[in-house]
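Several structures are given next for inspection.
After this come two complexes, each holding chain A, first together with chain B and then together with chain C.
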Partner chain A sequence: MDLLTWTGALGPILNPLMLAAVAVFLLGLIGNFVLTLAGQQAGEVQINADHTLTINRTPVDYALMAMKYAVLLFLACCLAYIIGGLVQSDPMDQGILGAMGRRFLPVWIALIVLFALSITFKRKLGLYGKLFDSLIGMIGFGLVMFWMFTAIFAGTIITFGPIDVISQMRNEVPGTPLPNPDDGAYLYYLLGGDNLGRDVFSRMVMGAREVLKIAPAATLFAFMVGITLGLPAGYFGGKLDTVLTFIANLVLAFPVILLFYLLVTPEIVDAGIPTYMAAVLFLFPIIFFVVLFNSRYHTQPTKRLAYIAISLVIGFWLYSGLAFNADPLGLISMPGNILIVFVSVVFVNSPTVFRIVRGIVLDIKTRDYVAAGQTRGEGPWYIMLWEILPNARGPLIVDFCLRIGYTTILLGTLGFFGLGVSPESPDWGSTINEGRRLLTIYPHPALPPALALMSLVLGLNLLADGLREESLKD
Partner chain B sequence: MAEREDYDGPILEIENLSISFFTRLREIPAVMDFSCKVMPGEAMGLVGESGCGKSTVALGVMQDLGVNGRIVGGSIKFKGRDLNEMSQEELRAIRGSEIAMIYQEPMASLNPAMRIGKQLMEVPMIHEGKSEAEAYQMALEVVQDVRLPDPERMLRSYPHQLSGGQQQRIVIAMALMSKPSLLILDEPTTALDVTVEAGIVDLVKGLGEKYGTSMLFISHNLGLVLETCDRLCVMYSGEAVETGSIEDVFDEMQHPYTQALFRSIPLPGADKNARPLVAIPGNFPLPHERPPGCNFGPRCNYFEEGRCNSGDIPMARVPGNDRHSTRCLRFQEIDWSAPPDVGETTEKAEVGNTVLKVENLKKYYEVAASALFSGGDKKVVKANETISFEARESETLAIVGESGCGKSTLAKVLMGLETATDGQVLLDNKNIEGTEIQNRDTRTISSVQMVFQNPFDTLNPSMTVGRQIMRALEVFGIGKNDAERREKMLDLLDLVKLPRAFADRMPRQLSGGQKQRVGIARAFAGGARIVVADEPVSALDVSVQAAVTDLLMEIQRREKTTLLFISHDLSIVRYLSDRVMVMYLGHVVEIGDTAQVFAPPYHPYTEALLSAVPIADTSVEKKHIVLEGDIPSAMNPPSGCPFQTRCKWKSEVPGNLCETEVPPMKRLAEGHEIKCHLAEDILQRMEPVIVVTDE
Partner chain C sequence: MGLFILRRFGVMILTALCLTFVVFFLTNLYPNLEKLAKTQGNARMTDAEVASWLDRNGYGGPLIVRYGEWLGVVPGWTREGADGEVTGRCIDAATPAEEAPTFCGLLQGDLGYSTVSDDEVSNIIGGRLALTGVLMFWAFAVMVPAALIIGVLAGMKEGSRLDRSLSTVSIASTATPEYVSGVIFIVLLASSTAGISPWLSEMGWIEGRTLFLGSARSAMDDVTFWNFTLPVMTIALYGMGYIARMTRASMAEVMTAQYIRTARLKGVSFRNIVLKHALRNALIAPFTVIMLQFPWLLTGVVIVETLFNYNGFGWTLVQAASNNDIELLLACSIVAVFVVLVTQLISDIGYVFLNPRIRIS
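Showing the complex of A and B:
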């Protein structure tokens, strides 16, 4: 069988179009630059006497317009490849792009459903709904949800198992057909094979699952810790604040990579330090929820008891499973190496969250509604958790998105250094590290995970930007 | 720079100006068909409530409307040249040299990283190309002109080292550096205390006369405009509704809105029982929901269906008066001298037993030099010093004083947010001065409640209105379950005259006045017996103030509440309080019935305070007393009498008694006490500050 081409049957038609789009874009860019240097300005909005607006277009405007349409044309071509992949059945016609588009079919459906529902009901969905007013926010959300759905549907997307090895396929280029395929197996390595002969495409897809399993959860835990400590530090101030801030600064001043190397050292693992750290850090979410419900319902004893009992039972069940691998029901467990990564990520992220929360509390605690809470005899934790925290949500949500991005990069870095996750794990960091050795000869095993990591982090940053922009408009 | 030629036409001539802001959804007209003329040396006042477009006019004159703002019609002529047609370079040359603007917040107008002197010297160096030495001389002169002490030190200091009043004087000095022909003042004194405001107003007036500068004075305070301006223009919802000379507009108003505005502010003679204020019904229309025809139509008493709402209403000249015009179709039919419809007059409530008694209350704060290592220098701030008073059931006791006088600390001690250093606070003969709020029983907490100053801050923005009231009920142990509490919460909304549908609204969907009503409902949730109202209406618009004040009075009458009304606005204090307590630097300097405090003999500080409050009534004549300097810091109070540094009467006291000894409380009449060394005969010689000439 032949090698798959990138673009398949549509290539001869669409490739020149795409090239043309790129050319027009570059021409527009140069034209814009030259015209601006020559002193031309973009057209200004004029107001007519009948309260209508007119724009007088100048050459600069036309250059900008050309660039805009070139980008749109380029995107349309990309979309055409994906649709072509869905419509045509022969992989030779689909091309690599089309075939990948077809594999991602569940993701496309999920994305379309999600966006259609969200845009229809966006006025009823609060801040989440407002996200769909901003293009930046929508693009960011789309990218993040693409990887999120990829992680969810990874099982049906992959063409081969992430650690299945076919030795003839070692370092083969993208689109290589299998030499003697089994019955019903996929016929091609879409993005080629790595140096052990594993399918790069399937590893990249499964990598999304690995990354998205740890990064958001670790960030969430870091937030719990940071919030539970930052609220009292900002609210009470004084010695407590001084001590906590000092500790936070100590942690922040310690080199992160060095800390990770220390934590994975066998002697330190044997001494049980990661487990103890997990025991302390994982207690914070339980404390957080107990205090949250206790302060809210202390006037209604039955409700209070119910809520606290529920949070204690669920909390300690998860706690025993996650921190000590000793879930009585045997449902929840965390392998030791993942636990170390998790704990380290929480440990280095929580001081930053602590400082953000503390700063916001210092501002909000001077508001009159806080004083109103105090004058009706509310306890300090009610005021912190129910009066102050909800009003700090804007900056915290934005930071949460950004921080998942940092954590993803951090996990990549850790994987790159071979820390934490198991050696054959398909997570993006480890995969890039493996591909690095033969990068000059075979770039294809390292590039897909790198691009995936980049697009996810970019999506998270754009999402954070969109959220910030929209939350300010309220 | 070009020589400034003499020009004797109008300095500023605005004709049919319309300004709109363009958003993604629609065009929002902010100013429509606005015309006015400012002659050389004339001061023009621009009055209206927030959102009426008065600041937009000022920004239009400066041609600084931002990205979305556009002038969509009309012309703005400055000395005969149309500002709309000038290029950016020409405008830059005019701004800051020929037209200067002074903003509300002085700290925001000064560069915090630059010394005052350098900021002032920039002006002549940029606009007139003066040398550094010349510029320094000019700066020194101007700083003297704005009556700041020790000008050389002032020029060397940074903005944060000056007080608010001093900063505003510097901003005015900066505006005057280039001897502008037109000075635009946008609420220049709103952020300042009353006695400081009086000083600034006096200064602005004096400088206007000295330099012959024309002024455009933007304010929401009619009294202030009366004191500073020659002419005024009343704006409502983007339109000028009435314009004319001060005397014409104040005494022969020809527009229903102007009339309603005057009836809703407490003037001397208004009385909460016999002559209550008349609030303007309804709400200010949003800019994109303006009614057809007359904007004021839906809230107007003289509204005529089919005529007032049929088409645009032009300005009409009022015959017989000088350049007096009004935007009302019916102004010649309305009997302007008819007395207002007196709503319900009410009986004065019976004052009951003493509920709250404060004796020799002291509150000192210790300020340590460093938070981490205790020790080092400790400074004591005496926030409250020997405060004694009583408050009885159904009584309104006003606590009057400027910022830093200790009134908020007093409120905190009463509420239990702070404990007293010494003395006692008795609630129903039970000592509460040492019990912090956590240790108070629910009954005590719910009986002492507070209404806060800033309506935009008083409600938690992320909780519905109903939830917040229900939480108060829950904490006070009222109602057995959520259903009962919800019922009670709806009753409370009825009490403060808000529609029940508001229970499920978020605070941002409410206007300032409505938020303040929710705050009142929350305070009364637990059947409060003492309500501390900390300037509850000072942040609201004039037309809303009257309604909220009346609501407070009505609830007080019904619930027999003791109201501690903290305020610096003596007009409103005079209107609603039974007794008044004047505070200065932590001391009670005068206490007595409202009539006693507002009539001589006064404490010298009360006298100055009364004189400083602007009153929007041309028939009132005030004695002119302007206090020198600023309020001393509570960290470093003067020796002896706290007021001795600014007192005009100090020379009348023999020896240096004022500087060495704190005066004792002296009883002048039944229930009237002052803290002053002045001898009896001198006090008797005092003349009333406010005299109503006719009537």
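Showing the complex of A and C:
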């Protein structure tokens, strides 16, 4: 069997078009730059005497228009490859791009359903719905959800197991057919094989699952810790604030990489440090929810008791499983090396969240509605959790998105240095690390996870930017 | 003002003490010491032998005392062996027991002995720091001007097309950590099989086989454009976006100020408004951000030096940590913590100096 081409049967038609689109885009960019330097301005709308509008098109406008249509043409070609992959059945015709598009079919369906539903009901969905008014936000959300759905459907997308080794496929280029495939097995290594002969495509897809299993949860925990400590620090001030701020600055002054090298080593895990840290850090979510319900239902004893009991039972059940690996039901557990990665990422992130929350509280506590609450005789915790926190949600949501991206980068850094992950783990950081050794000769094993990580973080940053823009419009 | 600096200085010393203690504690945990004993002595030592080895080599005392010794405020340990030979913290081949000083620690400038490289830590770390200094210098020289230009251009007309495209560029650059951009740069520019290098050499436009070199090992002796561009670009790219966004925000805020409007109404040209009126005020906030980039750059330096095989400070840190070279790792931590704290101090003081609206009584 022959090597798959990148573009398959559609290639001869679409490749020249794509090249033309790129050329037109570059020409437009240069043209625009030169014209602007030469003092040309973009055309402006003029109101005529008879109440009609005219737009004066200048060469700058035409350059911009050319760039816009070039981008659209390029995107249309990409779409055509994916559709080509879906309708054609022979992998030779699909090409690598088409075949990958076909493997991602569940993701495309889920994305289309999600976007269709969200755009239809966007006026009823609050801030989430408003996101669909901004193009940047929509692109970011699309990228994030693409990787989210990839993580969910990873089991059906992968063509081989992430640690299946076929030794003849070592360092083979993308699109190489298998030498003697088993019945029913996929016939090609779509993105080639790595230095041990594992499928790069499947490892990249499974890597999404590894990353998205930890990053959002770790960020959430960091937020719980930061909020639980930042609210009283900002609200009460005084000695408590001084001490907490000093501790937060202490952690922040630690270079992240040094902290990782000190914390995420087998010796430290042997010494039991991660368990102690987890024991402290994982308490904060429980405290948060107990205080939250306690202050809300202070006047309704039965309700208060019920909510607190529920949060304590669920909280300590998860707590025992996650921190001490001692879940009485045996359902929740976390291996030691994942726990240390999780704990150190939470530890690094929470001081920054603390500072942000503290800053917002210092600003909000001077507002009139807080004074009104104090006059009504509301308790300090009720004011913090039910008056101040909901009003601080805008910046916090934006920072949450940014922070998941930062956490993803941190996880990649850990993987890149081989800290805390098992050597066979398909997470993106470790695959980049493995691929970099032979990078100048075989670039294909390191590039897909690198681009995947970049696109996920870029999506999160764009999403945060869109959310910020839309929440400022309120 | 003097009092403010003094107080900041006091807090800094306290922070440094806390941080070094934490590092000392984490590197001197029992499993680490056990591993050290087994690599230095015998891999098949029993627990009792490990304990006696540690005791003989001065790792036996309470942690706080050993921290004091390392810091140089507690007299270094001495010990008389069974054969009457005196060993001690401050005693080595060059300084016999009679001449040895009582204190030898950080405050006396004695950073200890690297067990893996078999050399004084101070000898190792000086040269490595100089190499990293060169890398940092070029990274800053590229990053700061580029970031300021992007930020000012984007912020001078908020919401314009230029602003939107430059903002997207800076978002993209903050989304690309060093280990991603480094890999992409190497593949695009320094690979003999992929990217643009094969094409360029076929056209005869470059002399060698690749446009840039994918390893900075030769840059340790001689920095050239060919071998140093990629590491510098990789470090600069990640930090650039952040500084550019801060500059943009600051510039955009200044451009809405009253005095800018007044200058406009007076008929000052846009170019003069930006260059003479807005720029100086807009650059106060980025100054703090740039100083605070140092700790971030430290992580970047470690990644880039590992990726490009450049044996500077970051590479040393990685080696010390993975080889359980306790004293060398401690020295690296001191340098890292020192850099972070000093840049924080400079940024605080500099902010007060630059911003006339803040007056510390």
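Basically, the second predicted complex is superposed on the first by the 465 of 474 C-alpha atoms of A that agree within 3 Å, B and C clash if a C-alpha of one lies under 4 Å from a C-alpha of the other, contacts with A are read in each partner's own complex, and residues count from 1 in each chain.
One rule holds for everything that comes next: contacts are C-beta pairs under 8 Å (C-beta built on N, C-alpha and C of every residue); 3 or more make two chains touch, one makes a residue touch a chain.
This one's a predicted model, so the numbers in the text were calculated from it and none came from an experiment.
Applying the stated contact rule after C-alpha superposition, one finds that A:T375 touches chain B and leaves chain C untouched. After overlaying the two complexes on the shared chain, residue contacts for A:L262 are found with chain C alone; chain B is out of touch.
More residues of chain A are touched by C (comparison of chain B with chain C).
Of the two partner chains placed by superposition, A:T302 touches none, neither chain B nor chain C. In the overlay built on the shared chain, the residue A:L453 is in contact with chain C alone; chain B does not reach it. In the superposition on chain A, A:R367 makes contact with chain B only, not with chain C. By the touch criterion defined above, A:S167 reaches neither chain B nor chain C. Contacts of A:T242 after superposition: chain B is touched, whereas chain C is not reached. Judged by the document's definition of touching, no chain A residue lies at the interface with chain B and also at the interface with chain C. Those residues of chain A lying in contact with chain C across their complex are 42, 64, 136, 246, 249-250, 253-258, 261-263, 265-268, 270-271, 273, 405, 409, 412-413, 416-417, 429, 432-433, 435-436, 439-443, 446-447, 450-451, 453-454, 457-458, 460-462, 465. For chain C in complex with chain A, the residues that touch the partner chain are 11, 15, 18-19, 22-23, 26-27, 29-32, 35, 161, 167-168, 171-172, 174-177, 179-180, 183-184, 186-187, 190-195, 210, 214, 295, 298-299, 302-303, 306-307, 314, 317-318, 321, 324, 329, 332-333, 336-337, 340-341, 344. Partner chain B is touched in their complex by these residues of chain A: 45, 47, 49, 51, 53, 238, 242, 299-300, 367-369, 371-372, 374-379, 386-387, 390-391, 393, 474. Taken in their complex, chain B has these residues touching chain A: 20, 22, 27, 70, 72-73, 371-372, 415-417, 437-438, 440, 442, 445-446, 448-450, 452-454, 457-463, 472, 474-477, 508, 519, 522, 526.
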